[in-house]
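Presented sequentially are two complexes of chain A, the first with chain B as partner and the second with chain C.
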Partner chain A sequence: MTPLRRDIAASIALVAAMAVVPLIFDTRYVITQLTVFFIWGIVVTQWNLVLGVAGIFSLAQMALFAVGAYGTAMLAYYGGMAMVPAMVIASLATVGVSLVIGFACLRLKGPYVALLTLAIAQMLYLIVVNDTGCFTNPPSGCLPLLGGVRGFSRFGDLGFRDLLGSKWFVGHYYVGLGLLLVAQVFCAFLIRGPLGLAFRALRDNPGYAMSRGVGRLKYQLWVFGLSAFFTGLAGAFYVAHFGVVGPIVFSVSMLLFLLAMIVVGGMGTVWGPLLGAAVLMIADEGLREVGDWREIGLGLVLAGFVILLPRGLVGLRRR
Partner chain B sequence: MDVVLQILVSGLTIGAMYAASTIGLALVYGALNMLNMAQGALLAFGGYVCMYVMDSLGLPAPLGLLAALVTGGVLGLAIYALVTRPMLGSANFETQIFIATIGVGSVLQSAVLHLFGPQPKAQPLQIPGGLTLGGVTLPWQNVLIMGVTALMLAGVAWLLGRTRAGLAIRATAQNRVAAQLMGIRIGRVYAQVLMLSGALAAVSGVMVSSLSGLLPTMGADPMLKAFVICVVAGLGNVPGAALAALVLGVLEAVIQYLFGVQYAFAILLALVIAVLIWRPYGLFGTRQVVRL
Partner chain C sequence: MTTTDPPLLVCDSVAKSFGSLTAVRQLSFTAGRGEILGVGGPNGAGKTTLFEVMSGLNPATSGRVLLEGRDITHASPEAICHAGIARTFQLNACFDSLTVRENVEVGAIFGRSGRMLPNLRPSPEMQQATDDALDLVGLSARQGLVAGSLPVLDRKLLMVAGAMATRPKLLLMDEPVGGLTHAETDLMMATVRRIAATGVTIILIEHVMRFLVALSDRVMILHHGERIYEGSAAGLVQDRRVIDVYLGEGASARLAALLREGRHEPA
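What follows is the complex of A and B.
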């Protein structure tokens, strides 16, 4: 069996196993936490493609997530659009934004890319938060065009409340699981397929690869744009699931949490990011008691893994 | 005319603050190819230590500044010993150390939060009053900030240009392997550079907080701006960074006056992106001929 088929088979097996979970545990807490895990799983698998496979040191991933999330919320809130078309349009808009960022940043080298993407993310955050003029005046009070500090709420949902009644969250669980399956299979295709091969060639022998017509910028833009689609979609689903979106999606601690998932699991591998996401979410659950120390713990985990175990948990097995 | 002068004064003060927080970053990147994301937390640490020494221990201001300097240096040394040294020579050093310092920054910032609490505090290092010259007021605080920055810049210039240690730092920055072959102990050079940049960061933290007040997260904003300045100047270029800081400071003051405070950073960033598309290696950076 080729590695690609093995990965796809593993993905399907895992999803099948996860699909049984709501039939066994039907406590809302477990199901909702797992749905959140699916969302972060999509984000980290896609970010991992950008960081670990294409070698683009971008920190704009949560900004792209936010574009998908805010886009969906604003289309539904102002345009009165149904959730599903809003989600698709917002995801496509995310691709557009990512291509603009890509054209501005990808000509630069590693650390410049990191700083510039971080600056762009920060700029978007400031634009959202500093927007204080009232655009509309709903009953809940003044609402700026981009939602301001408060963000958006009450813009509709996926309609599972009518369909499943009090078990609506199970609907979200399956939607999230389905999206994660698609994202993970895409990720496996990219790493094992021609694009992944192109990047491996560019890494191992850049001169030969480029003389054979494998241009770095072109392939980097492809990965950046395609992964932005799923990232935006994850953002859109986040909005549909929680029913609110606010500037917290830009926060540094969230960026740190997701970056730590990739580093802990193993950057550039097919399964590392998902493993890291699972480990860190469980650890986070355990650390809920000592909430104040969460940031210190995250920082230590991030630094410790980079220093002592730079290839992550997946790298342990290969040694 | 008065307005122009007033803008120039506040712009130069902002620029001086930026320069103070930027040179440490530029120095570390120049010598080690290491982007130190913990810089912002070092700024906060400096500001809080100075506050603690002056308010809680009741010691005079120069001792507060000195304490901040020493704390910054010690933290810089600790970062070298615990993070940089084990990672030297690892694959993808530039990327990996960047991620590691993000973690270190988070730890240090939370440490500040736990030691000093989340409430905003005032920096006691203040000089009241000002100098009025023909309708333009020049607060002593701004004079102090510009003076301290000038002193720091002069000190770094002297250290790099006139001392043996500075020669070793420049040699290492130019060519790590050749410097090592000439008998320079690069481990010591790295330790010195990180100590120096930590100390500079702490002092600039005191300066920044004397205007904006103390918060555990106060370092994030100056650090991001310092990075932007480094990028505009060309990473690792120390004199270029100082100049770019002053220019961007004045520019920010002008933008604030013309368009309002909330747009200053966004417009600044747009300009920076434009600069980078025009000159991807920074304004004063030399084109690195990397054919592949």
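What follows is the complex of A and C.
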């Protein structure tokens, strides 16, 4: 079996196993936490394409997620659009934003990419929270165009409340699972195929790759654009699932949490990011009681892996 | 090769400066189809810079480079690769985390054309080009190894395979035997001969004169970015300027002996 077939088979097996979970436990908490795992799973698999596979140190991932999330919320809130078309349009808009970011980073190396993308993310955050003028005045009070510090809520959903009643969250669980399956299979295709080869070649040695016919501009835009679609879609689904979105999606601790998932699991590998997401979300459950120590623990885990296990948990097996 | 063939490559008054330093000055030369052109000269003569210019990684300050009559002076490295020039590097370049096979596949998949989106999987021709290139340099048995772990000879061979997988018309080799042992040098020599036999034109930079004179149809010696000699390998040892600035008396005498021996060898 080729590695790609193995990855696809593993993805399907995993999803099949996950699909029976709601039939066994229907505790809302468990199902909802798993749905959140699916969302972060999508984000980290896509971020890994840019960060691990293409080796471009972009920290704009949560800003892209936010574009998908805010885009969906605003289309639904202001435009009264149904959730699904709003999610698709917002995801496409995320691709557009990502292409601009990819283009801006083209001539930059390593840490400068990290600085520029972080600056872009911060700028978007500041635009959102500093926007305080009332754009509309709903009964809940003044609402700035971009939602301000409060963000958006009350804008339609995926319709599972009508369909499944009190078990609506099970509907979201399956939607999230389906999206994760598609995102993961897409990643496996990309990493194992010619596009992934181009990304990895440029990561290892850009000058050499260019002299072997791999155009840097073209493939940098491909990786930014492709990974942005599912990232935007994850943001859109987050909005549909929670029914709210606020500036918290830009928080640095969120960004670090997701980065840690990739590093712990194994950067640049097909399965590392998902494994890391699972491990860190379980660890996070455990650390919930210790409050402030959570962030410190997270920082320590991240530092420990970078120093001791730079290839992550997946790298352990290969040695 | 007949003299009426237009040359494959024409460099016309090519110059390259880095600020106030002129690494290549007004250099004009041609390479004919199927020819092996050897390039020598002291350290810092501008040999590698000439390759940087031809391969588009560091374009010329002035002058023109033509491949089959097409101006490629300011084309991007990838476009020049697609046009048919492949090079190897003096400092062994490779994709360290990729396998040997993947290293060669990069050339086979991306080296031929600049399509917007590559195939979902390598086409049979690309697979074939990869297999052929690996066979050519004798790395087929090691194709699953991670390239970063290879010893120096294999890294050099891998670079050659990666270049050949692009199916070039012109192969630029920058010190292919620098740092290799005598036996390894012979192995590389046999490899270069196999490549030349397929009709690929080769420009070869090398300090190892034994290698350079054995392979080159014609030799060009550079010094301070200028050509001080162009002609047969045998003529090198009679050229006062080449002996003075590059070979030295001792090496020149040894080379002359080598050339005499070579002449008695059965072809």
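Note that the second predicted complex is superposed on the first by the 308 of 319 C-alpha atoms of A that agree within 3 Å, B and C clash if a C-alpha of one lies under 4 Å from a C-alpha of the other, contacts with A are read in each partner's own complex, and residues count from 1 in each chain.
The rule is simple: contacts are C-beta pairs under 8 Å (C-beta built on N, C-alpha and C of every residue); 3 or more make two chains touch, one makes a residue touch a chain.
Here the structure is a predicted model, which means the values were calculated and not measured.
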**OP:** Going by the touch definition up top, name the partner, chain B or chain C, that contacts more of chain A.
**Re:** B
Subject >> Which of chain B and chain C A:Ala121 touches, first, second, both or neither >> reply: neither
Subject >> First, second, both or neither for A:Glu295, with chain B first and chain C second >> reply: first
**OP:** Tell me which partner A:Gly207 touches in the superposition: chain B (first), chain C (second), both or neither.
**Re:** both
Original post:
Touching A:Ala303, do we find chain B (first), chain C (second), both, or neither?
Top reply: first
Original post:
Of the two partner chains, chain B (first) and chain C (second), which one does A:Gly215 touch, if any: first, second, both, or neither?
Top reply: second
Subject >> Partner chain in contact with A:Phe189 - chain B first, chain C second, else both or neither >> reply: second
**OP:** Scan A:Leu146 for contacts with chain B and chain C and give back first, second, both or neither.
**Re:** neither
Original post:
Where does A:Ala63 make contact in the superposed view: on chain B (first), on chain C (second), on both, or on neither?
Top reply: neither
**OP:** Quick one: classify A:Met18 as touching chain B (first), chain C (second), both or neither.
**Re:** neither
**OP:** Share the list of chain A residues that count as touching for chain B in one structure and for chain C in the other.
**Re:** 207, 210
**OP:** Please name which positions on chain A make contact with chain B in the complex.
**Re:** 57, 104, 107-112, 114-116, 118-120, 122-123, 126-127, 130, 206-207, 210, 252-253, 256, 259-260, 263, 292-293, 295-296, 298-304, 306-308, 310
Original post:
Any idea which chain A residues touch chain C in the complex?
Top reply: 189, 193-195, 197-198, 200-201, 203-205, 207-215, 218, 222
Subject >> Residue ranges of chain B touching chain A (in the complex, touch as defined) >> reply: 29, 35, 83, 86-87, 90-92, 94-107, 109-111, 113-114, 220, 224, 227-228, 230-231, 235, 262, 265-266, 269, 272-273, 276-277, 280, 292
**OP:** Quick one: which bits of chain C touch chain A in the complex? Just the residue numbers, please.
**Re:** 55-57, 76-78, 80-82, 86-87, 89, 93-98, 102, 105-107, 109-112, 114, 116-122, 162-163, 166
